[in-house]
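Okay, got some structures for you below.
Shared between the two complexes below is subunit A, which has subunit B as its partner in the first and subunit C in the second.
Take a look at the complex of A and B:
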């Protein structure tokens, strides 16, 4: 990869009873890069993200972020170091307003500074006009945008995005793509799970392919989509 | 007609103080899904500390409210950090039994410190105030005013401040709140402390109206549970409305059917809500 790795995953194993969801996954994400993670359903992608974000504790292996071992740390501690995430199924605080959803997760800011930062981020994803709407009343696409803005409240160095393009129309997909490109240009490292090769080809420099809990291939997107191991995993 | 209005007003005044206690209890339940049986002892310790300060040391009543509220708030914070936090992720029965056991220990600790006798606050707001055709107890009016102001301040804190929003986020979706970077443990300490602060203040406010003793907590915590069942588990506004309702039922019921049966009326009300409307008036329901 060349550049300094920001995130290093080494031999991570996660079991749920007798099921091995992640089976010795090893990979790295370079600083200021955009890395995609693909794989068939049930291949362990979201579980690997959960292990990185501290939601699940790996049974074996090591995860290093910014040179610091992070497995065993709580999700909020990992966030504080500079790693944020979004979810496959968008989950906002439905009984709070859009603005409150962002301000609630602010850290180390005064109330006024938190509101200012939240408003800037909502404007960045072009939903500033919805700041006083209850999150529970938003459309699916709007929730996706608010969730991305919320994940940026911590000014993360690495943003994990779990299927940010799933279930939304191509117009909104292009909008999100534009925002992600802007974030990349500002130096935020992006690591995203998705199935949309059109988008991955557009934005990712590297794509990792996962099957049965293992990383089976790594390379440029147009190489990965022709890789026989990847094709075998999907078909 | 005058009697009816007087009863209603007195019920609302009493309900205002119950609100202070019940809102704290409901806040703790909302954030942690922990039923804090020791909440009654926050109140009884508040009342007894208040009596000690006002009668024993001559501290002005309103200053005593502030001092006691801070002290009991700190006590709640420490109880959460030392005890409840360790079982918060376990099955609900663990926290229930833990707070019940702590409650018993606190009652006995209170008996050691203050003895088993009743303690009052004679001469503190003992007069009455004429309001039009009504004669209202000065103690109730002061207690109601302070309680409503304090309940309102906590509500504003929850609605407006960054910490308050974080508390609401943890209350709504603890897992997402944690993954989004909210330090849930700190929020739980703060919430338990806030609950303690409100119950402690309620204790001092009740002291001029009711004789206090270390075992009084159980009587009031059951009323607070009734309030949150009627108002709705986990709802701050619900607890406030529920408390006013319970205050009115208690006072009006006491006048109509006698004090003993009025207590039974409260339990009837609780049973009716549990069977017919378990989410209460404003409840969020039970998160599984």
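Take a look at the complex of A and C:
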């Protein structure tokens, strides 16, 4: 790993009552890389993302982003530093239009600038024609696209994507893949959770494997795919 | 714009009313203005932000007592005293909001209700200052018109403020809190700061209005200041018109006030029951109120038009 790490996670622990969701996870994400995170259901992937994004407070460990310690900071402070995320289950504001969903989360832009930026992002993921549709009326795939556009309102350096490819048809998966490649080419670092090996092989340079709250393996996707520890965790 | 014309006509009618009308019409309009002010204020925290308060008369009552005491003991002119009432409401609402807004849903609603009862009990109990259940009397005002005009100014100001709110990012963020507060927070919206701001904003006008109303009645006692009936009527008005809309509280306040008057005059024994049935029927048929239904049917333009206008100014790259 020659590149400098943008994000460093060290010994992060998160408990929910008796459940240890994340159990001393340690990993790093290189700047301008595309890093995948796989692991069986309930292995703690989403919880780790929530810790990184500031939604959950880790019980132990340290998270550093751009050289700054971010655990303990509020989600809005973390967004402002340049870290954005999408949700595993889409979380659009259903009673607002698509455009309003984006403008509502804008930071430090005039309304006019926020609207312009939102329109550019919606056009980038090819849903510009939906700008005035109520978010509650969108299809599942459209909601996923709008969520990606909304996360980009912060002009993030690091984008966390929680299962962006889950539950959508291969055509849309390929479209999202294309958008993510474009983002990567623009210098956005991507850290994504997914189960679809076909896609991870396609886009990720590095894949991290998680099991029972720990990172158990790290490496190139085709290596991780055959790693006995990973296979043991999944089967 | 037809909206601007309607607003001007309403303004003119409101301004001319006390010059040309019977005392009965003026006193009805004062009640109406009072409810418009309370409904719009309640709409900010409960309609837009989604924190349903069952204790907003707290601020009305605090304002009424503060203003009356300022007039009686400090010989302050009544308009300034009413402003003092507003200032006290804001000063109480700020720390209160920080505490109460940690509660969600029905806990907040019931907590606010309990708070209003506590203030009422305080007004009863602290007799050395409030005269308890006897109430405080002010020298009657000879000319009620200045009070009327100030109430009208406050009511119109709130309609305008709500229009601005509806078209601002602050308003959008309040709606985001209403829909999914945790989601909004995770997306970097400063939810605590914004909802406390909305709460304080929603307390100011009831405080001032409480002061003006006490001057108008030249009397205040605990049941008048912290009346649950006033609270529930306010809520029913906003529910009827449409929570989180610019014109909903106005429509609700006008329709329900007229309904009250008509039914009260015709069926004095059972009018409250009839109003209750009417409200229940409306909530069943139009759970979101009249205005949202009219917007969905296309009879009225949707709210939040400023953003739409900004959006149409720039031509999207792909459409």
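Rule of thumb we're sticking to: the second predicted complex is superposed on the first by the 235 of 235 C-alpha atoms of A that agree within 3 Å, B and C clash if a C-alpha of one lies under 4 Å from a C-alpha of the other, contacts with A are read in each partner's own complex, and residues count from 1 in each chain.
To be clear about the criterion, a contact is a pair of C-beta atoms (placed from the backbone, for glycine too) under 8 Å apart; a residue touches a chain by one contact, two chains touch by 3 or more.
Computed from a prediction, not measured in an experiment: that's the story for all the values here.
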Clash or fit, subunit B versus subunit C on superposed subunit A: clash
Partner contacting more residues of subunit A (subunit B vs subunit C): C
Partner chain in contact with A:120 - subunit B first, subunit C second, else both or neither: second
Touching partner for A:93 - first (subunit B), second (subunit C), both, neither: both
Subunit B versus subunit C as contact partner of A:111, first or second or both or neither: both
Partner chain in contact with A:85 - subunit B first, subunit C second, else both or neither: both
Subunit B/subunit C common contact set on subunit A: 53-55, 74-76, 79-80, 84-85, 87, 91, 93-96, 100, 103-107, 111, 114, 150, 154
Subunit B-touching residues of subunit A, taken from the complex the two chains share: 53-55, 74-76, 79-80, 84-85, 87, 91, 93-96, 100-101, 103-107, 109, 111, 114, 150-151, 153-154
Contact set on subunit C toward subunit A in their complex: 168-169, 172-173, 175-176, 179-180, 182-190, 304, 306-308, 310-311, 313-314, 316-319
Touch list for subunit B against partner subunit A, complex: 160-162, 165-166, 168-169, 172-173, 175-184
Residues on subunit A engaged by subunit C in the complex (per definition of touch): 50, 53-55, 74-76, 78-80, 84-85, 87, 91, 93-96, 99-100, 103-107, 111-112, 114-116, 119-120, 122-123, 126, 128-129, 131-132, 150, 154
